[in-house]
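As written, the chains take the letters A, B and C, and residue 1 is the first residue of each chain.
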Amino acid sequence: MKWEIVIGLEVHAQLSTSSKIFSGASTAFGAEANTQACAVDLALPGVLPVLNRGAVERAIKFGLAVGAHIAPRSVFSRKNYFYPDLPKGYQISQFDLPIIGQGALTICVPETTTEKAYEKLVRLTRAHLEEDAGKSLHEDFRGMTGIDLNRAGTPLLEIVSEPDMRSATEAVIYAKMLHTLVRWIGICDGNMQEGSLRFDANVSVRRPGAELGARREIKNLNSFRFLQQAIEYEAQWQIDTLEAGGKVQQATVLFDSDKCETRAMRSKEDAHDYRYFPDPDLLPVAIDADWIERVRKTLPELPLAKRARYVADLDLSAYDADTLTSSREMADLFEATLSEVPGEAKLCANWLMGDVSASLNREDRDVAHCPISPQQLGGVLKRIVDGTISNFAAKEVFKTLWSEGGDPDVIIEEKGLKQISDVGTLEAMIDKIIADNAAQVAEYRSGKEKVFGFFVGLAMKASKGSANPAQMQEILKRKLSNQK
Amino acid sequence: MSLSIGDVYKIARLARLGMTEQEAEEAHTQLLSIFSLIAEMQAVDTTGILPMSHAQDLTQRLREDVVTEKDQRELFQSTTSHIKNGLYLVPQVIE
Amino acid sequence: MINFSLLQLGDALRSKKISSVELTQLYLDRIAALNPELNAYITVNEEMTLAQARAADAQLKQGEGGALTGIPVAQKDIFCAAGWRTTCGSKMLSNFVSPYDAHVIEQFNRAGAVNLGKTNMDEFAMGSSNETSYFGIVKNPWNHKTVPGGSSGGSATAVAARLCAAATGTDTGGSIRQPAALCGISGLKPTYGVVSRYGMIAFASSLDQAGPMAHSAEDLALLLNVMAGFDERDSTSIKCETTDYAQDLSKPLSGLRIGLPKEFFAAGLGADVARAIEASIAEYRKLGATVVDVSLPNSRLSIPVYYVLAPAEASSNLSRFDGVRYGYRAPEYTNLADMYEKSRAQGFGEEVKRRIMIGTYVLSHGYYDAYYLQAQKIRRLIAQDFSDAFKQCDVIMGPTTPTTAFNLGEKGDDPVQMYLSDIYTIAVNLAGLPGMSIPAGLGDSGMPIGLQIIGNYFDEARMLNVAHQYQQVTDWHTRMPQHVKA
């Protein structure tokens, strides 16, 4: 019998504000312990929170990007529990009146068996603002834990999905899509190593069509790989448990990435009773239509819209459009390059997804740090389009630009990479090749047409890649067979 | 919904207040008498009345996103001796 | 000199009749002599205090400084003051030296006032008798067997016993007005939001408000001028036009409409208190005021509502006292949970723990709607009562307390009896309105009686005018406890 896996995600995105959500302390990552924990973050007696406009604005941006309702009035509540990394003994969060209401995100999931992909709508329940907690450091204190409160008070947007995903792969694609989106609209730096994006996965299994099963929540996953592994392990564990006649009980679990398994938390937070109530230190947050419109104007074209436009207007394949919209930097680079060689979308796409991506990968750089500017790349492509250089020569120019920089036209000139289209010059060159390679000529003429490639190689080499390939091949063929 | 001695232990645990049996029993008696005072309130018909969280019907003022605080770790950590390498020390946290 | 008004003290300082150091030393000496018996101060720090007095003298010498430059003021130990031990009357903070200044402290520093010391109070401001302080009970200077009221009992006693020129208090359910009444002084709780709560240790955030305690309405006005003002660090601080709260003091009262809520004169009110209040109203009629009967039908619910809302907020506000970053940590514990439970059990006193328990219960799963939400709804009804009443009158008057000061220990065993003593003051906090208490007579036992004046939102200047005019024709506010005359 088959099982259906049901997954909902809670994604915590650290918002890219300079200061904290309720204090004027810096949110910069990596500072020495507790040097960015101010009186408010430390919950000294008597301190009070004041809300950061930048955090609210980022939440609005996100709401607009996922077509969600933006609450004209939302409320901050206190979530009460004791934990040493939570200085006030409560977390300021939002409970029954979150800033962002229902929205949706379309994900594109590749089929494993075919080349095709299917689209799926993942509904967002809500997104709300809250403060991050500090960090507990366990090493080296003889049975003690050290608390660093630099992170305490960093603004978080918690994005909650409906249980709409049916596989670990769907969950990961949804998570990646959010990762792209939050960076795209500039509300989160998306730095996974620094914990800027963290996931809680609610996993349950059921027979298709049956009621939802009891869910277990896997807490605090900080990479796509762990997300995938944890869900896969957890779902299989639940299936095994049920098939063995056992029961799954609602629980909070942690993922042990070393053992690659989930386990129930040891510290049973006895019967979670968070005693939410509206924070009396903060007033309701009002967002008027004007503000929403002002923020809307600052939003860039969103990845899905761009992707659709690339397919419809630029005639690119869905695959190309997907790849080019995988990050805003990539899309920006593509569009800037395209503006240098208008109408050559496919050529730009091929180069970006080919040589540019390969070179970036080789050097482990991201697009934002591409050493070649769109003007330089466009300059090379322009010369391919107008026939000045061959594709082969263009690669040569690209390599030089990558390592040394410079102006494409100057490089073409200096290296003598202009295509030779003069028939006389080409014929003389090919005559010499034929004369020098009698044995291979004989082979070719005896019917071994594979040897043709050998002659093409020699001709390209002799012309330093500057021979017009089509013309050169035509002459080669003619000369080789003429003398048959 | 009368408050039981079990409730007293539960609340004490939630509030992280250690309590001996005798203290819990005393607290129980007092809380029962306080909740009988509070009970008067529960009979009131409040249908259609909006809860009032704040004295004034105002909305939240927003702070500009600017760093205004500097490092004052030394000063702030002068309030406790449970410090090592700039970290606050607590008994080991077990997850 | 100890009976001088703040204006007179200011004149004396500016005309060099006395220096701030001399004036401050005068009070420090009185504290040294009387405080061991009265226990009005938790912390006195002569060195820091005199340093401020010397700085004030330097300013005065230059002909600089403001209304309060050089005047010694006592601060309730609920306000964080940099370098000062700030205990909030609790063992939990018995060793806490604040690294920063509360807004109120900054304002007094800016005005040149000298911080004379930190006054005793009920632990975390939870109490009506000042008997819950970890630092011991405070005695009412009028009769050492009676309570000074609470929670600002130390400040009230300090003002009444002339151990300071003026003091600050905070009022969550009557904590300025009730001790002011019981100690025969004047005290004002402003409209919620007028004085910033930044640096004032929170009890019930939506109700807490700081205010001045002094000998007269005129003094209160000068003090409020210093304390009030917008503070961007408190989200509930209100931007209102800066007012000179003393500007209307001398306006005549003809045409003033005084509302008398019948609920404030019902069963439970002591006969001597009732007589004194009636006499004060008669005085107001002579001053040209008219009297209208008003009703606050829901005010009887203010105690149950308050004892849901205030403990709920307090239970959460006091969670930060966990022994991790500051404050009391139990000397021995076996693990983290044990550290929390022991530190909090040992660091908090009985009344504080009781209120944390109430608050935790009313917020817990399954009880929120029946208690917390219901209380918030009735809070609105109570506020609505006031706004209806203010359609008919300019100020509301009545007793501040049902009786004069009760005996020490009298209500200690029965929290409910203690809670009921705040019957007339609590509704004002729930509505967020300004309220004050001024001396209006002496009771059968010779103990002071307070007249409560409640104004509409932001009507402090008018209330002070109303109180000041009364104090021009009566002398209750100048009366002094017999045995503190020095």
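One rule holds in what follows: a contact is a pair of C-beta atoms (placed from the backbone, for glycine too) under 8 Å apart; a residue touches a chain by one contact, two chains touch by 3 or more.
Note that this is a predicted model, so its numbers are computed, not measured.
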item	value
Central chain (by mean CA position)	B
Comparison of A-B and A-C by number of C-beta pairs in contact, larger one	A-B
Separation of subunit B from subunit C, taking each centre as the mean of its C-alpha atoms, in whole Å	23
Centre-to-centre distance between subunit B and subunit A (centres being mean Cα positions), rounded to whole Å	41
Centre-to-centre distance between subunit C and subunit A (centres being mean Cα positions), rounded to whole Å	57
Overlap residues in subunit C, where contacts from two or more other chains coincide	96, 99, 206, 232, 235-236, 315, 319, 322, 324-326, 336, 340, 360, 364
Contacts with 2+ other chains: residues of subunit A	39, 42, 44, 50-51, 82, 84, 145, 147, 273, 275, 280, 282-283
In subunit B, residues with contacts to at least two other chains	14, 16, 53-54, 58, 60-61, 63, 72, 76, 88, 90-94
Contact footprint of subunit C on subunit A as seen in their complex	39, 42-51, 78, 80, 82, 84, 87-90, 145, 147, 273, 275-277, 280-283
Complex interface listing, subunit B residues touching subunit A	13-14, 16, 53-54, 58-69, 71-73, 76-77, 84-95
Subunit C-touching residues of subunit B, taken from the complex the two chains share	1, 3, 7-8, 10-12, 14-19, 27, 30-31, 33-35, 37-42, 44, 46, 49-56, 58, 60-61, 63, 72, 75-76, 78-80, 82, 88, 90-94
In the complex, subunit C residues that touch subunit A	79-80, 86, 88, 93, 96, 98-100, 102, 197-202, 204-206, 232-236, 312-313, 315-316, 318-322, 324-326, 336, 340, 360, 363-365, 368, 372
Of subunit C, residues touching subunit B in the complex	96-97, 99, 191-193, 206-207, 232, 235-236, 238, 300-301, 303-305, 307-308, 315, 319, 322, 324-327, 329, 333-342, 344-346, 348, 353-354, 356-358, 360-361, 364, 367, 370-371, 373-381, 383, 414-416, 419, 431-432, 457
